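One structure, pasted below without further comment.
Every chain is named by a letter (A, B, C and D) in the order it is written, and numbering of its residues begins at 1.
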Amino acid sequence: MSYPMHDTPYSTAAETMIRDAHCFYEHGWLLGTSGNLSVRLDDTNFLITASGRDKGRLTPDDFLAREIARPGERGANSSAYPTDPSLKPSAEECIHQAIYARVPGVGAVYHVHEPYSAFCSERDANLGSTRMSSAEMIKGLGIWEANPRVRIPIFANHADVPAIAAEVDAHLSDPANHKIPGVNIRNHGYYAWGSTPFEAKRHVETFAYLFRYSWELGNGA
Amino acid sequence: MSYPMHDTPYSTAAETMIRDAHCFYEHGWLLGTSGNLSVRLDDTNFLITASGRDKGRLTPDDFLAREIARPGERGANSSAYPTDPSLKPSAEECIHQAIYARVPGVGAVYHVHEPYSAFCSERDANLGSTRMSSAEMIKGLGIWEANPRVRIPIFANHADVPAIAAEVDAHLSDPANHKIPGVNIRNHGYYAWGSTPFEAKRHVETFAYLFRYSWELGNGA
Amino acid sequence: MSYPMHDTPYSTAAETMIRDAHCFYEHGWLLGTSGNLSVRLDDTNFLITASGRDKGRLTPDDFLAREIARPGERGANSSAYPTDPSLKPSAEECIHQAIYARVPGVGAVYHVHEPYSAFCSERDANLGSTRMSSAEMIKGLGIWEANPRVRIPIFANHADVPAIAAEVDAHLSDPANHKIPGVNIRNHGYYAWGSTPFEAKRHVETFAYLFRYSWELGNGA
Amino acid sequence: MSYPMHDTPYSTAAETMIRDAHCFYEHGWLLGTSGNLSVRLDDTNFLITASGRDKGRLTPDDFLAREIARPGERGANSSAYPTDPSLKPSAEECIHQAIYARVPGVGAVYHVHEPYSAFCSERDANLGSTRMSSAEMIKGLGIWEANPRVRIPIFANHADVPAIAAEVDAHLSDPANHKIPGVNIRNHGYYAWGSTPFEAKRHVETFAYLFRYSWELGNGA
């Protein structure tokens, strides 16, 4: 399945991530240079934050373009969008790669270190997921059915990041797992994606609300 | 009883909602495109946010004008204020309709997904309301008596939104229930209204304080 | 004892309060038009916020000048600074009056509805005060001794505001009670003052930290 | 070991601290004029905030340059950067001195009154440190090993600040203790440092996340 959107210009992608990252930073979800954001440029390339930048103060020089890889392969710097060779993508780029490769139509992947998702991941680690069944905000994930059964999966936070990516890749190789537009990493933070940056931002914010709700009211509320 | 205010120009109504929604977004009450705001334009029309917009970044193109309906009837796009036909009002417009139709003199209806109201709604669901008896901030609801008996009613969050609207409409058909300028929806968020946008904003913020207070100190504090 | 500062121009006083109130609003301490601020203009007059204004959006038109009264007397609109007669001071102006009249050298009185002070007031109501003995931030109140014994007094929130003012006035008639530059009102919020607006702001923020600290760690920590 | 960076111009150092302090203030970590920041200017001088300034509103006049002292000695006003003699450095300058003197290559020292660090310090006082073993954010401290054993040391909050500095100095005289780029003071706040202001800011924010995480999940999570 090919990417359904019109191509997004490089400068638009960068400006959108600068603005969205600043917004997430102000919510307290990207402290200490944590997290990483990417936006698809076209069928074969995406733009991603360089490693180690202050997410509250990104500039247009803090991004590099990468080629979308096949599942199980590493990406490379984009030939279509030449990049300053001194820039390195986040070590977690491989998780972005798994998401772009496995979920059709993804236009943006945002990874944040939102605190409540980490709290819930520790509480619910043995269950393998955080369950949410009743909050209205579930609709913000694009799930409109009555009495939805929503489980946000929790992945182990391997020190070897490609090992995390492999488990996310395996999870997303089953299209049934595309219904929930995000995965949570234990003691770490979550990835959320969408067909556009607008939708990815909506999913980031919706997960933030849902994890806070779950933490205050208990798993299953 | 007719609407007592001077008419509010379309652009003033939109600018006020852009500013108030941004303020509420920064408080964390409108994450993930949630919530909806409306302001009355004149005796028979109100302006409401279009469905699915980012409430932290509203623009003048994110609104549409609707006719105020009679209780039990659906509204229609305003003939006095022609609207881009591609815009759809929030699915929850029917609850705004019930409030405009039932409460005399309402000039604005603001609906927010403030987290503590959801926590309290789950805790107090069996009681049918959240009781507040002692906080000074109750005066912010326009209730100045000593030892007020304030109960903020909780409505079931039916998947069928018109069913929620019908219950809110029945509640507001009794003028004795107009004393509290808001209703809370379980696991969802609350609606607050006022004779002006200024008053509706004050009620939104006052409820936010009161729900946080109730959550920290317990129902009845 | 006469007022030791140079006179503060009316416009400077208003601008300072606009800026400080906006700052406190953003901290969440002045929701729903709550709170009130005043700054001394000279030996016999102070400028105070008009009743019912949005503290996040004050303008120069939201203030009126009042004469400092003797303890037990009500103030009047200032003859030196004529005021739009439609403006009314906050109902809590009488508490400002008690503070200006009783504490020598006070240059500003700021009243905020900070949530943790309300939580602590309910928890500690039977004790009559919230005790703080160890937090470094106590120095922010101007108390630098080792092992200070700090008790922030709690006053009943009478529906009759002059009754609160009378109790605050009696408390401040004892100069030994001037050491702590603030009083807390049960279920309501606190008043903090200082020789300048700068110092009053520092006291407001220090109390906010200390009440949060006390609420998290328990009375006496 | 000499300082490896190029010299930082005075105006750049001041502008960086104005911006970083404002950011920390907005997070709620520098209320009530608390905290202090310094940036190294060259091998023998650093710029530090003057005592008692509002950290949300610093101006270029709120700094003074000091000479880096040998361990156990007090610093003096910089001869290379003459300073308005009315300005006094924070009383806690001596702790900055210990850090610059003991840790090679430090380019900035930031001290904040972040609330969760104070809560954890009280909870963990008997243990002498707050332990953190699993949060991904530990990488923000520059610690990338798997299963790191991280203990953030807690120092007593002596009323005599030089006594705190002496204990921090003794701690940092062991290079093995340089691995964790910060120290926590009981009931007070923490110091974080880095080779650049950028790195010091990253460490401040990372500690803030880690203390909140530890407070919510318990010591050792």
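Simple rule for what comes next: contacts are C-beta pairs under 8 Å (C-beta built on N, C-alpha and C of every residue); 3 or more make two chains touch, one makes a residue touch a chain.
Quick caveat, the model's predicted, so the values are computed rather than measured.
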Shortest walk length in steps over touching chains, subunit B through to subunit D: 2
Inter-copy rotation, subunit A to subunit D, in degrees (Cα atoms; steps of 5): 90
Same or different contact residues where subunit C meets its copy subunit B, judged by the half mark: different
Farthest chain (mean CA position) relative to subunit C: A
Mean-CA-position distance for subunit B and subunit A (Å): 33
Distance from the mean Cα position of subunit C to that of subunit A, given in whole angstrom: 46
Subunit C residues counted as touching two or more neighbouring chains: 26
Category of the chain touch graph - line, ring, star, complete, other: ring
Every chain pair meeting the contact rule: A-B, A-D, B-C, C-D
Touching residues (chain side subunit A, partner subunit B) in the complex: 23, 26-27, 134-137, 140, 145-147, 198, 201-203, 205-206, 208-209, 212-213, 216-217, 221
Touch list for subunit A against partner subunit D, complex: 26, 28, 31-34, 54, 56, 113, 115, 118-119, 122, 157, 159, 185, 187-189
